[in-house]
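Each of the next two complexes has chain A plus one other chain: chain B in the first, chain C in the second.
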Partner chain A sequence: MFDPRPLNVTVNGATVQRTVDSRVHLADFLRKELGLTGTHIGCEHGVCGACTVLVNGASVRACLMLAVQAEGCAVQTIESVAAPGGALHPIQSALARHHGLQCGYCTPGVVMTLLELQRESAGRAVSEHEVRAALSGNLCRCTGYQGMVDAALEVLNAPAAQS
Partner chain B sequence: MKAPAFRYHAPTDVAQAVSLLASLENARVLAGGQSLMPMMNLRVAGPDHLIDLGRIPELAGVAQVPEGLLVGAMTTQRALETSAVVARLCPLLSEAVSNVGHQQTRNRGTIGGSLCHLDPGAELPVAAAALDAVMIARGPQGERRIAFADFPADYLTSTLEPGEILTHVLLPVASARAGSAFLEFNRRPADYAIVSVAAHVTLDEAGRVAGASIAVGGVSHAPVRLADAEAGLVGALADAAACAQAGRLAATLACDGDDLYPADYKQDLCETLVRRALGAAFKRAGAGHV
Partner chain C sequence: MTSASAAPARPGWIGRNAARVEDDVLLRGGARFLDDIVLPDALEATFVRSPIAHGLIRSMNLDAARALPGVHAVLAFTDLRAVLTQDDIPLALPAGGLRFDVNPTCLVIHEACYVGEPVAMVIASSRRIAEDAAALVELDLEPLPAVVDPVEGLEPGAPKARLSCPDNLVAKTKVDYGDVEGAFAGAAQVVARAFRLNKGGGHPMEPRGVVARYDEIADQLTVWNSTQMPHRAKAMLVETLGLAEHQVRVTTPDVGGGFGTKAVFHPEELAVPAAAMLLKRPIKWVEDRFESFTASIGEREQVWTVEAAFDADGRIRGIRGTLRYDHGAATPYGIALPFNAATNLIGPYALPAYRMDIDLCMTNKTPAAPTRGAGRPQGTFVMERLMDAMAQRIGLPRDEIRRRNMIQPGQMPFTIPVKQRDGSMMVYDSGDYPECQRRALEIAGWDDFPARQKQAREQGRYIGLGLTNYVEATGRGPFESVSISIGPSGRIVVSSGATAQGQGVKTMLAQVVADVLGVAPESIHVVVGDTSATPAGLGAYASRQAVTAGNAAYRAATLVAEKAKTAAAELLEASVDDLVVNDGRVEVNGVPGHGKSLTQIARALAGTPGFALPGNLPPGLSASNDFMTSGLSYTNGCHLAEVEVDPDTGGVKILRYVVVHDCGRMINPMMVEGQILGGVVHGVGMTLFEWMRYDADGQPLTVTFADYLLPTSDVVPRIEIHHLESPTPLNPLGVKGAAESGTIGAPATIVSAIEDALRPLDVRITQVPVTPPQLRALIRQAQVAESAP
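This part shows the complex of A and B:
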């Protein structure tokens, strides 16, 4: 390790204490140090959105944030989204139902982005434009996005919150 | 790829940060990391020391002061986008910042980072140019104020001295009968702008133009102010003819072109975007003739 630094961070509700090299980005820390391989790495320079996670509730590119920058933060990854018993989150079920994924590589990032939109839009209707703007930061080469948009609108505009 | 090795520093006040930056060889300041981190991951940048400003509370936040709107350099783009104070006092900044990248990058990206990075396709420098923003920097010699017109030095380079850190940006508060608009053209929403335009106008009681500023981005290493068009607008009726005339002047701007977007293509964009941005600014200022 060239520049070891202590790191205290909360990941999916659990307190984590590690020593990390300062050059390690958050996505690699989650994957390699914590074994949370649900966060995918695509372009590794902030374009594709595959590595999107929530830091203190806000979506971020985990490849553009150093792990040491997460000191004291609460990080939420795709592993925390389904219920402990394995029951999918309504956003995940809707994506499956509406063919909002095919290969699945971008899906964890898409789900984290939609979770942020769901939290920010709580109590009001979201428009298709808002959903598309939110998803513009997540590249998907399989679906053409329509399924994702349909899924998001169904869940986020459901009469009673499903989550 | 992964960033090359460096030593990480997380100062908790500006004095510490300035002293680190002034004393360390090949050190870079890390703001939101949405440009520097990609450059490091792509090995375009390789600082030996990274000075993270993210732990300095005094650098983040927005405050109304007698001189205008004081924005901390580390205020995130998302915080600006969602700020009711910014929307009310400096709507041009609100509109420009909503065009910056994606929400995932606006959540981390900062106003100071964008203004210091000075990407020709970036939105915030264009808004800062149109607003005559004042850049407030601190260095080993103390605080210094730099007019935004004097801030860009060259491609991706500011006139900050070695050891200086941008701490705040001072923006004018929009007056009554003022209007502004930010427009850009790109192939996909949220991309860098091929050409972007920020227009800010003030009208007099008769609906004539009392003052106008128009900045164009994407055509050169730094935003360009359309001084001729601005001067020609003063005293003119705020109508469609004035917009068209400013657009025609914008079309004569010397543009840096490339194979993908040649200079004459950018000039066409300049004309259209200036005409439309000015029209929108006039409308928002209350003009009845557009």
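This part shows the complex of A and C:
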């Protein structure tokens, strides 16, 4: 059953070369092989969004992608969003300010989704409807989503973001 | 400011939206949840679970699984029994009404009683190999008829959910006070209704999980458990593994949500530590989502038939009826849940006579136990639907009939002659229910709504406004503990038997202590959920931790401040009365800079060999308090929801949601609102989306988030929250709990709004969740009835 395959992937800017079992999904690879435990596993069937990472800049459910499928790709996880000990990304600090997180289990996936929305909106003002649509693939049981939505609206619609 | 001459008051921390001390590490992805714990030499476990709802084990062949490379052990019940003191997991909550014991076991002994019940345990070098091996276990079960429906299960001739029990009526209890027969005999009006509320769950985003390590040299067992109640988990392990208290430590890592799911001690929480002792290797088990749908407790399934008797002016005289409750296949927790449902029905209303007969039906489904709201959403649902029915019967506005029946603030404390678990009567301690409703109506534009509704109907749109009042018993005792210690390092360490699953418990405790000691909350180190840090504790259930641990922290911090002042008086040769504690220092009032830091005082109180302690005080700048409750503090609220129903699809859209909430004094309003928001949305799920379904054989049909729908950001409304603050007289801080209240009010509110929207069709909703196909069918029936000649 063990089917080892070579894997070359860039993770958070660093080149990673590993041999992985072909059936290992990307979330397990990040967590167990690389120790990047900020990517959380909530359902392993692609609905909850807790494991959301960016692959070549686009959001991906890391539980639905095999690690070997990331060959040659650039993967970005929550650990890269703020430098260790450094300032939080504006989306992260806005989430805290607006109480957009409680238990924090879904939070890394939410941050990655909002980073993608920020890149896609490219300074254009976003509506609450757009933010709610973007977040609709990230399940949260604690917050009722309101704080996340407000955090995203504040950061994405800040004057600096739109200049 | 009331006194201009006093020194400028430092801003207190209680009542402020302090930033959460938990957030930074969570936002960076640096938190340590259960599955992030990696122990050297650890093995991983998976469980072979019953694939059928009811059956007897004929045989189980483990050979092929055991032979798979990488597999360390495949264990059946008899294997684990070698390290257990008894077969079953003891009852967590004793109950008089239980007719027979159906305690769970860590693995099935002979008879599997629900799909997902653990039958065998596979332990391997990795989860993948363990799952491969689990697929090789040959389990031969003789199928037995399954009990699925809690009404059918109580009928004569129903199959038995457990062969060893005489029938399925696992418990029978009741609420009974006042002259119920007289109330009905003399009533001008009686309305009768029947309701079914379906099964749902807590579904924290992080499923359950356990890591256990047995240290042979120290003869100690350490268990990391994603639980709400580590102290009870420890007590269970002490009892079932035959260990002494000092040999067991249960500690919680960061926990990704609980909602009741993680309060109950589940079979795996014993199986994993037992296996770790048996194999003398660390073992990790992390629940996957399929397991969490089938093996984690849920609840909500209740079938009610009720009648309300009332006078011509709408004043309620009495309520009677029956409540049949899906207990599931075992008793992991007792029978408090349906009792909560029946008593919370009473709500903020003066109900003179009441009898509810409660039958708990054992079924071949996952055991039921409290989930956010713990039965109260159902009871409130029934009462509020009766209120609407009564209003409609006599042509009274829905707000007015409620107003006429409300307990008035001048009647507080208000005693209801219902005996509770601890033998005391139900007493509402405080609150202003009429004012709460008045404000909610005003904010939601109740008076203007009929005109808007009429206008919308002219445009073919069906909008409606729903209304609900409710109470919640919070802060359940008997106690919670807090210890505060400042050692020579100067660090303020607060440890508590409270536990955290995302509510912000550390922030809450830090704020209370910061308020008393005049320091910043982020400078305080809080340790919760660790039995080695706090010998006694109870943990997270019943919206209790701000009440119990919050007040324990307040009292302990006050003791620390007093001791610091007494010691400083000695060191400074000043009078205690002249000293103030501020900014981590004890200073002479009005003489800034003349004082001692808490660190200096802590060093002095740590003792020096041969020297006396300052003022001959007992050593250590520390204090502990066990806050013991003297009663439940009742939170209350009023919810209004405006919805639009699409008559063609049966879809319901929530246009607006208003909450006026009273949980007494708030320690951190932002976090209180977070609790209300999450609670309401859980209730929205219960009303419109969440339905744990089973087929007629007891096979679960909704075991993914694609089938069991949680509310998502695009279907959840913006929720407007307003507060009343009626402090409870039952604790020094005046606080009441807030964690479940949002859920309690939501189902009744939304259904009231749907019925209001469909008033022209007179659609009557008797079941939740209200899914689009069901609502479409009800609308269709009404349309057919209307068009009939």
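Here is the rule we go by: the second predicted complex is superposed on the first by the 158 of 163 C-alpha atoms of A that agree within 3 Å, B and C clash if a C-alpha of one lies under 4 Å from a C-alpha of the other, contacts with A are read in each partner's own complex, and residues count from 1 in each chain.
Following the convention adopted for this analysis, contacts are C-beta pairs under 8 Å (C-beta built on N, C-alpha and C of every residue); 3 or more make two chains touch, one makes a residue touch a chain.
The shown structure was predicted, so the numbers you read here are calculated from the model rather than taken from an experiment.
A.B. asks: Check whether A:158 is in contact with chain B, with chain C, with both or with neither, and answer first, second, both or neither.
C.D. replies: Neither chain B nor chain C is touched by A:158.
A.B. asks: Figure out whether A:106 sits in contact with chain B (first) or chain C (second), or with both, or with neither.
C.D. replies: A:106 contacts chain C only, not chain B.
A.B. asks: Have a look at where A:69 lands relative to chain B and chain C in the superposition and call it first, second, both or neither.
C.D. replies: In the superposition, A:69 contacts chain B only.
A.B. asks: Once chain A of both complexes is superposed, is A:136 in touch with chain B (first), chain C (second), both, or neither?
C.D. replies: After superposing on A, A:136 lies in contact with both chain B and chain C.
A.B. asks: Classify the contacts of A:52 with the two partner chains as first (chain B alone), second (chain C alone), both, or neither.
C.D. replies: Touch status of A:52: first partner only.
A.B. asks: By residue count, which of the two partners contacts chain A more extensively, chain B or chain C?
C.D. replies: C
A.B. asks: Identify the residues of chain A that lie in both the chain B contact region and the chain C contact region.
C.D. replies: 21, 23-24, 44-45, 47, 133, 136-137
A.B. asks: Flag every residue of chain A that touches chain C in the complex, lowest number first.
C.D. replies: Touch residues, chain A against chain C: 1, 21, 23-24, 31, 35-45, 47-48, 50, 77-79, 81-82, 84, 88, 92-93, 95-97, 99, 101-108, 111, 128, 131-133, 135-149.
A.B. asks: Which residues of chain B touch chain A in the complex?
C.D. replies: Where chain B meets chain A, its residues are 1-8, 10, 33-34, 37-38, 41-42, 50, 52, 54, 78, 101-105, 107-108, 188-190.
A.B. asks: Within their complex, state which residues of chain A touch chain B.
C.D. replies: Per the touch definition, chain A meets chain B at residues 2-3, 5, 21-25, 28, 44-47, 49, 52, 55, 58-61, 63-66, 68-69, 71, 113, 116, 133-134, 136-137.
A.B. asks: Okay, in this complex, where on chain C does chain A touch?
C.D. replies: It is residues 19-20, 22-24, 26-33, 35-36, 38, 128, 132, 202-207, 254-257, 259, 288-289, 501-504, 670-671, 673-674, 677-678, 680-682, 704-706, 710, 712-714, 716, 718-719 of chain C that touch chain A.
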